[in-house]
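Two complexes follow with chain A in common, the first pairing it with chain B and the second with chain C.
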Partner chain A sequence: MVLAFKNETFRDDFTFSNSPAAIRRFPFPFVEDKYMYSVNIEPHELGPKGSVYEFPIDIDEHYVSEMRDRALVLDADPGRCQALPHMITAQWDMLELLMTSMARDYPEHFSLTRDGNQWHWINRPLGIDHKFTFGDVATLPYQPMEYIGRQCQGDFSIQDQRDGQLWMDAGIITTQADWSLDFDVGMNFFEWHAPVPLAHQAGVFDRALKFLLNMQHGRPVRRLNWTMTINSRLDTSPENYHKWGIDRTTVTPENVGDKVHLRVELQALWRLPRSNAILFSIRCYMIKMRELATVPKWGRRLPRVLRTLPDEIADYKGLTRYRQTTIDWLSKYDDGAPTSLGGGPD
Partner chain B sequence: MTASFLRTVRVAEVEPVASRIKRFRLVSADSQPLSEFSGGSHVTVCMKAPDRLIRNPYSLMGSPSDTSSYQISVLKVEGSRGGSEFMHERVEVGTELEISEPLNLFPPAKIARKHILVAGGIGITPFMSMMGELEALGADFELHYGVRSLGDGAFCKLLEARYGKRIHVYLQDQGQLIPLERVLANQPLGSHMYVCGPKPMIDWALRTATLAGWPDENIHSEQFNAPPIGKPFVVKLTKSKREVRVGGHQSILEALEQNGIDAPFLCRGGACGQCETSVAACDGFIEHNDHYLSDAEKASGKKIMICMSRISGDAITLDL
Partner chain C sequence: MSTIKSRPIYPGLSPDPNARRNVVVCDAAGAEAVVELLARADGEFAGRTSVVLSSEGLFGKESESIVERLKPATVETTAGLVPAIDRLKEILASATMGLRLYAAGSEPLIGSVVQAGAENFIDPLSVRTEHRGSLKRRVQCVHCKGMTENVTTNPVKCAQCGLLLLVRDHYSKRLAAFQGVCINAETPDESPELKVEFQ
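Let's look at the complex of A and B:
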């Protein structure tokens, strides 16, 4: 598949938008008319052609512009990419997983030739043609995680496994929904999830951790998470809260359709073979309310979900200030008809 | 997620490496190359014995950086359930076997300042790949390896040639024992100890380290027991409303599988926790043989790890 990459921005003038095809493939996360936390983990198996699950690593029309935005974030704040020294093997594991997936599934755009440890990587959309020695950091311009992370959509964290725990000991995080790698690096699974409301009491994290510790190589899993973002800003980090927090006060009945975005994270987890670490990818998809409402089922369902969302979750996700305005705007698309189970369009 | 993926491999080489120990070299016999793995990993080998299916975990012994083949070593245990006997008597060059993908329940702690490896007999196997990984990372380690005699010590010479002074071999028939108290004294802060071997040795090493003041987080062990044998009993299942008889040489998990009942499992050694099952009732006493449940959970009688544990009594009712 040859992708036509858009030239758009995720800051300042916010020219981001989705093509009709991108809207149809949006991973709408609500399978029914309400939402509550659950251990919603399923095998990360290949999905229907054209869907975001078609390949393990999804590259789409926003690729080139997203990579440009990532470079801007990293230049301004190198702390968004950090790895503790013992994670170097895991970094190489990650580079191998991403390069082999991208070259296999998007041969028009990427290619990888391997002769033992001598690797030749070509990234046509970004104009990169590079020969390097796998395992030798000196042959790359960055450490392996940063090198491939600057060329792949989605944030990535790598968890070391020890003492029956997972430890977030590396990551490249520039498109986050208000959490900080700099704050979380070195924390364990319970520590970095500590701010999440309700789920701890429900035992969600105990069960999820037990499941993850036994994850096997070759059997990745995935889940969807979601929040909402004002303007198409990828970098909603705590570090830059002063730049975007105030945007939440700018939503009016007139601008909901263009300003309010549903932000969905396709989160996948892979056991890495050489390091026994776990790679966590957080692939962010955004859709404007105006775009979302073009799919009748989603236009009906989203106001119902937002209306019944527990206040603690709305607060945690930062929706409180503009939740009602958004529900009011969306309600004209909800004719009260029943919706089918599952998240996809009818 | 219940069963694990199976791969087909072919035995490329069988080599007796010590008395009662054979090493098997396995190469891929399906379309995929063998997976990379990390130091301390094992695979589960499926053995189709005439009367039943046996699945035993064996540590991968080769270098993690070499995936042209996997190597496992098997100690022949007389009077056991038959897995090691099957490998010794029925498996030869050319035999095809099914194995799981590698799983690591015994990884080295990558943040350790120093690694103290303590092996007894066949317990050397997980350390073979672990030392390969530590060496490649330039990590500080030493091995203390106790064997009955030089004839029983697989790989003594090879290890000494490869790692030199970092290898310490103790021959029981020469009256040599691992001086663990002395080994553990005065190690740098941040050292980790790993022990693998027979159960009494593991218990002794863990106790010795604890008494020497080592924190629990810095002490690691791995032990692959076959499910202990016992008397037959009956398992009643609440969800599928069936009754299954567990033979004296069978585990509950094996009996369920023989009867076509799907139950979760992964390591089959009582370590990973995947097969944890709720007990609705028990007419008898549960013999807990796992390393997963806490003492309090074992005492409660409400949970059982069906890959390893059984009961002495007539029947147990499980939420399956």
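Let's look at the complex of A and C:
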């Protein structure tokens, strides 16, 4: 499939929008009319053609513009990309996984030729044509994680596994939902999840960690997480919260449809072959309320989910200030009809 | 204290009878825990123990009496936390196998000791720690990355960029600091009063 890449922005004038096809394939995360944290992990199996699960790494119409935004973030704040020294093998693992997936699944856009350790990578959308030696950092313009991370949609963190724990020892994080890699780097699974309400007490993290520690190479898994964002801002980092936090006060009944976005993270996890580390991808999809409401089931379900969402979770996600305004706006799409199980459109 | 999942647990000091050398860093409040540690251990323990005392806020006489009470352990008195950690780093740089590290006192002191240890490949969990005295915190501003020391109020003004920071219950061992996030980003016209919360 040849993708038509949009030219759009995720800051300043916020020209981002979804094509009708992108709306249809949006990974709507609510399988019923309510939401609570759970160990929602499933195999990362290939899904239907055209869906975000068709390939292990999903590239879409926002690719080129998202990569431009990432470069801006990294220029302004190099701390968004960090790796502890022992993670270099895992970085190469990540580069291999992403390059082989992208070249196999999007041959019109990417190609990889390998002759032993001599690799030739071509990225047509970004105009990159590069020969390098796999395993030799000196032959790349960046460390491997940053090199491929600047060319792949989604944030990535890499977790080292030792002492029965996962340690977030590397990451390239520029589109985060309000957490800081610079603060969290070097932490373990329970430590970096510390700010999350309710889930620790419910045993969610104990069970999730146990599951992840036993992950096998070649059997990736995935889950969906979600929040909401005002304006199509990808960089909702705590580092810049003093600049974007004010956006949350600008929602009015008139502008909900364009300003308020549901933000879904498709999170996939892979065991890496050489390093035994775990790669975690956080692939962010945004959809405007106006776009979302074009799918009747979603327009019905989202106001129901927001209405019944526990306050602790709403506060943690930062929705409290504009939650009711959004529910009110969406309510005209909720005719009270029952909704079918599962997230997809009917 | 232990409800914050990213904050370490400080189980209290206990002597390591197998250590060839014990290095203890403490402040005045922590020194009381060290006195108790020495009392609990066998007679030879103190002879293998050297203490670095951060004497911040102490008068000369008070330091002297602490040194006296810690005998027969050897005690070096330093003017505050920063010189105490500098001294610790010197000790660790020339240390040999069999050294056991201890920290007793305020949380920034414990955090700084664990951090200095980690830089010298000492497992944070192997450091024996006891929290005594003030609940004051070290806070890193997530915006400008500047550190504010001896924080007792919430919110607190960032010592580097001046933003008013909410002190979150999220702690980084690597930075030995809690996270501070702009408290009035969504309400720039308000400036909440500084309430003493960590005394």
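Details
Convention: the second predicted complex is superposed on the first by the 346 of 346 C-alpha atoms of A that agree within 3 Å, B and C clash if a C-alpha of one lies under 4 Å from a C-alpha of the other, contacts with A are read in each partner's own complex, and residues count from 1 in each chain.
One rule holds for everything that comes next: contacts are C-beta pairs under 8 Å (C-beta built on N, C-alpha and C of every residue); 3 or more make two chains touch, one makes a residue touch a chain.
In this text the structure is predicted, and so the values were computed from the model without any measurement.
Legend: residue contacts after superposition of the two complexes on their common chain; A:185 is shown touching chain C, with no touch to chain B. After superposition on the shared chain, chain A has more residues touched by C, the comparison being chain B against chain C. Contacts of A:309 after superposition: neither chain B nor chain C is touched. Of the two partner chains, chain C is the only one that A:249 touches; chain B does not reach it.
In the overlay built on the shared chain, the residue A:97 is in contact with neither chain B nor chain C.
Of the two partner chains placed by the overlay, only chain B lies in contact with A:89; chain C stays clear of it. Once the two complexes are laid over each other on the shared chain, residue contacts for A:148 go to neither chain B nor chain C.
In the superposition on chain A, A:319 makes contact with neither chain B nor chain C. With both structures placed on the common chain, the touch criterion links A:158 to neither chain B nor chain C. By the document's definition of touching, of the two partners only chain C reaches A:200; chain B does not.
No residue of chain A lies in contact with both chain B in one complex and chain C in the other. By the touch criterion stated above, chain A contacts chain C in their complex at residues 79, 180, 182-187, 190-195, 200, 238-246, 248-249, 321.
Chain B contributes residues 1, 4-5, 35-38, 40-41, 64-65, 100-104, 107, 109-111, 137, 217, 266, 272-274 to its touches with chain A in the complex. Chain contact summary for the complex, chain C toward chain A: residues 4-7, 140, 142-143, 145, 163, 168-175, 179, 181-182, 185-188. If you check the complex, the residues on chain A that touch chain B are 43, 84, 86-87, 89, 93, 160-163, 210, 213-214, 216-219, 273-276.
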